[in-house]
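Below you'll find the structure I mean.
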Amino acid sequence: MSPTDPLAPEPVDAPIEAPLLTARGIRKSFGDVEVLKSIDLTVPRGNVVALIGPSGSGKTTVLRSLNGLEVPEAGTVEFSGGDVVDFAQAPSKRQLASLRDRSAMVFQQFNLFPHRTVLENVIEGPVQVQKRPKAEAIADARALLERVGLGAKADAYPFELSGGQQQRVGIVRALALKPQLLLFDEPTSALDPELVGDVLDVIRELAAEGWTMVLVTHELTFASHVADTIVFMDGGVVVESGPPSEVLQNPREARTKQFLHRLLDR
Amino acid sequence: MSPTDPLAPEPVDAPIEAPLLTARGIRKSFGDVEVLKSIDLTVPRGNVVALIGPSGSGKTTVLRSLNGLEVPEAGTVEFSGGDVVDFAQAPSKRQLASLRDRSAMVFQQFNLFPHRTVLENVIEGPVQVQKRPKAEAIADARALLERVGLGAKADAYPFELSGGQQQRVGIVRALALKPQLLLFDEPTSALDPELVGDVLDVIRELAAEGWTMVLVTHELTFASHVADTIVFMDGGVVVESGPPSEVLQNPREARTKQFLHRLLDR
Amino acid sequence: SPSSTSDGATSDGKLKANSLAAIQEAGVLTVGTEGTYKPFSYHEDGTGELTGYDVEIITAVADKLGVKAKFEETQWDAIFAGLEAGRFDVIANQVSINDERTAKYDFSKPYTVSPGVIVVKDDNTDITSFADLAGKTTAQSLTSNWYELAQKNGANVEAVEGWAQAVALLEQGRVDATVNDNLTFLDYEKQKGDTGLKIAAETDDPSLNAFVFTKGNTELQQAVDKALDDLRADGTLAKISDKYFGSDVTQ
Amino acid sequence: MTESLWELLLRSLLPIVGGALTGTIPLALLSFALGLVIALGVALMRLSRIRVVSGLARGYISIIRGTPLLVQLFVIFYGLPSIGIIVDPWPSAIIAFSLNVGGYAAEVIRAAILSVPKGQWEAGYTIGMSRGQTLVRVILPQAARVSVPPLSNTFISLVKDTSLASLILVTELFRQAQQIAAFSQEFMALYIEAAVVYWVICLVLSSAQSVLEKRLDRYVAH
Amino acid sequence: MTESLWELLLRSLLPIVGGALTGTIPLALLSFALGLVIALGVALMRLSRIRVVSGLARGYISIIRGTPLLVQLFVIFYGLPSIGIIVDPWPSAIIAFSLNVGGYAAEVIRAAILSVPKGQWEAGYTIGMSRGQTLVRVILPQAARVSVPPLSNTFISLVKDTSLASLILVTELFRQAQQIAAFSQEFMALYIEAAVVYWVICLVLSSAQSVLEKRLDRYVAH
């Protein structure tokens, strides 16, 4: 009943060549301030895309737009084999839900449900939303928790866990939905420096197993190891993007250089 | 009226050889758990002592014991030229106050007074506690704010500042008291990675100007540059201490090596 | 109000609530009363059955009408509102007849005729007539006509909830007097024995107390009047009065 | 006069407690339960982004909290008959009290819902829950925790306010005390006796509150 | 009879509003101000680590909240004279209402003090302030912010509760309405009129609350 490898992503039917996700011309303002100024983003299946950039550059807003937590004023998001969601046309609830069904998000602040145990947190989506049999959901959840080293914590409440453990539960809660795309928003920045390693290790494994991910991070060394593509944003635009060897080691743009210098030189 | 160099520490009368602060045999338990198991600490005048160690090792508790925010069960703290405060004898309010008068603390979470402007935050101690003339306190405060690049923010409320700016106000609030000793508890760990630099720069300057400081930090590279002494704690004891070149580059103890490895290898 | 035919039916043929016909059809006369007004309307021992002078008389009246009396107890504030809202058919609570009330309601013939008295402390010699109330302080229940009487005589009136509070203020020396029904004071003395209080003066004109009906409920009013006449004739009224007051206060 | 004050108080205890058991307590419990349902609805309306809906909720809350409960009772019991609606005493009391609780508790519940971090809504959405599902399974259980103390205040006030029900022919604790006071003229003693009974009820409620708070606190660090 | 209902209501407005201005409003304001002082003291006692002190505060709060305000008023006005203490109506009312506010508001203030992060106390201590200085200059100004909404609830309840003062001879809004109602027999109409006046007072209070909240919110991110 439980899958042989709980960490492996669900197979998808679409042809292997099409990118899993294509976002085009995403624009978003808060009040008078235009925070995203026509962002394009392509996420090939099985790839890891890392968004980097200064605070306030719009990284979080991009991520939240991809799963409809933020509704941009313009732009399209398309999952391979799914509808084109056109934000200029005021997307329906169904369309936003379809974005959320295909992706799962891991938050900076974890956002676990404090009133539910670890196991209950993980099976909430599969059982309540996806209507999967509870026994099956529990078996899967236990296998996943085991994989991230939290088998013994299934019945603990979130407050009983360290930050790193909570974030691993957050990741498992996302994985349990078997989404096509994982979104991570600075998953380690609310953690004590020493706990960061555990969570990065889990993400590293997920990347190795072929999950498609978009992640926002300040951990440049980590990003350079794990990402296929680095996207550097500033002031609501993509300044440059490419493989880590280019963007991190040999940035073309002055703004990228300045940013990397600031963050690395300490 | 305002001192020529607002960042320079107050001169002290005691002979230059005596250490500014000597703590001996500090023990502290929370409930059944002994968190500090006889800690000794010597802080020579003008030196910077950095406390490092894993989470829960007792670093914060040591710092809080030095200014009486935590009252240990046993041990003594002595400022050069002051009383020996013996915690085993249940120190009086006056004794705890004398510790606080000689030191000032900068918190991880800043703990600025949200209902007061930046300037009001800074002059609160000098005017309300030290009863200095308000005009003089304001002049000093403005000079200090200027020095850390916040001259223009004197009338802002804390919520209007970035984390890094708030922490610089926290430092100025401590400096304005003209304490003999500055205590820093992870002053940058609540900051966005990019804002860390500003605060570290200020601390670096203070060290260069001869302030005596004890600081808890996870920023090892920074500590190795700025500290005269590194104290590595684990499980409520000092495992090893010495100059950065020894403790950080050539640790003797296995526990130290393991800790450094964990934190640096990412 | 909708025009009612002489048998108490509205023009659309339905029986009008509170009409005599409706009451007789239901076999129940609903009576509004306070239940906390001794000796007129109160509970036996405080915890037992509802009883009292008014309660017994209206029960006898209901008997004569061939219906059962059903009592609804509420506070004075709500008692007229209840009558107007059709919650009760009649009020039996020592309501005295005065101009404002006759303008709004119909009254039966009076069944209590009793003077008002000024009650003062035993040692009070200042007040011997109603004229002496001028400039004095009295405690009066807001809802009684004694309030008006005291005010008319120049008293400084403090409004209290009822007799018990008025007496408390009098005994504590916080007011000089209270004006109330002779009967209320007599009952209080009967219960308490030596009260340290006395009657300082009595009104010339007695107050007349009667049952109250909604305006225009003439059939019911006439039927009750007739019942009262019968009860007077067969001595029932006098008997009930004697039981509570040792004399006939019904005329 | 033949019976001492103590005998009177002792003899009164049974009817007063009886009034509590048959009047005060069921009235308070029932009205509170219904009031909570109303309050939840009104709180959600008040939080609605549709102006008219939240305006209606605001108006309701303002009138309920701004006018005396006594008048609310009066209007329902003695006022409605003038437009042809006749409601019996108990239903009237329950309607008035639960509408009243609805107004006060709505603000408590609204504040409690707002106190749940926005991230909890978002976490619900991102695992695919609808707004309603997130509300019921994620937000309300957490809002319950913070709203217990203020709601128990509302409940305790309600217990004492039920004494107004005697105005509309419902017999409860305080009415019993008044009856005995009217007979014995010992209003002070009997009112104090009634107050003691109210106090006992409120003590029981407060300890129920503590138990509930502990239960709801089990998933929170102490 | 010669005057229509509308004329009566119009004629009543002046005395009712007068009752509000000379009775209800000063009574509520004064009692609330004194009540806040009591509440602050009781809240600090309740937070004390000394068992007896916090126990006393608990007992006070429990009795005040657990017993009807009516009885509290009666005990002070009609009960105290039996031990030789005679208090006039107005002082009695103010004592009773401010003690009452003291009990309810103490819990609000206690919660507000506890809601200020511990770090604020520590920041006060580390700049050398005493416990008292920190309380007054650091904690209370911040506690004020969170306690405005619940305290305004207490205030609004108080405004309506002052009608009980008529039971101890204080003339206020509701007493005026009752008086006119008793003479004109128009209870329903006058009670509704009184309710409208209460409502207006509460509307004014609510907007004062908003203004105050905004003022206290100026140092908080929105």
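Order as written gives the chain letters A, B, C, D and E; numbering starts at 1 within each chain.
The working rule: a residue touches a chain if its C-beta (ideal position, glycine included) is under 8 Å from a C-beta of that chain, and two chains touch if they have at least 3 such contacts.
The chain list, named the UniProt way, goes like this: A, B = Cystine transport system ATP-binding protein; D, E = Amino acid ABC transporter permease.
Since the structure is predicted, the reported quantities are computational estimates derived from the model, not experimental observations.
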Point to revise | Intersection of the contact lists for subunit B and subunit D | key: A, E
**Study point:** Chain pair with more C-beta contacts, C-D versus B-E
**Key:** C-D
**Study point:** Distance-maximising chain from subunit A - centres being C-alpha averages
**Key:** C
Check your understanding: In whole angstrom, what separates the CA-based centres of subunit C and subunit E?
Key -> 38
Exercise for review: Calculate how many whole Å lie between the centre of subunit A and the centre of subunit D, each centre taken as the average of the chain's C-alpha atoms.
Suggested key: 46
Practice item. Return the distance between the CA-based centres of subunit D and subunit E, expressed in whole Å. Key: 20
Practice item. Name the residues of subunit E that each touch 2 or more other chains. Key: 78, 187-188
Review point. Of all residues in subunit C, which are in touch with two or more distinct other chains?
Key: 77-78, 81, 84, 165, 168
Practice item. Mind pulling the residue numbers of subunit A that touch at least two other chains? Key: none
Review point. What chain-chain pairs meet the touch criterion?
Key: A-B, A-D, B-E, C-D, C-E, D-E
Study note, to complete from the structure: The residues of subunit B that touch subunit E in their complex are 67-69, 97, 100-101, 103-105, 107, 109, 111-116, 124-125, 128-130, 157-160, 173-174, 177
Practice item. Mind listing the subunit B positions that touch subunit A in their complex? Key: 54-55, 189, 192-197, 200, 218-219, 221-222, 262-263, 266
Point to revise | Complex contact set, residues of subunit E against subunit D | key: 62-63, 65-72, 74-75, 78-79, 82, 104, 107, 111, 149-150, 153, 156-157, 160, 163, 174, 187-188, 191-192, 194-196, 198-199, 201-203, 206
Practice item. Within their complex, state which residues of subunit E touch subunit C. Key: 1, 78, 81, 86, 166-167, 169, 171, 175, 178-179, 181-185, 187-188
Check your understanding: Touching subunit D in the complex: which residues of subunit C?
Key -> 35-38, 42-47, 72-75, 77-78, 81-82, 84-87, 162-165, 167-168, 188, 191-193
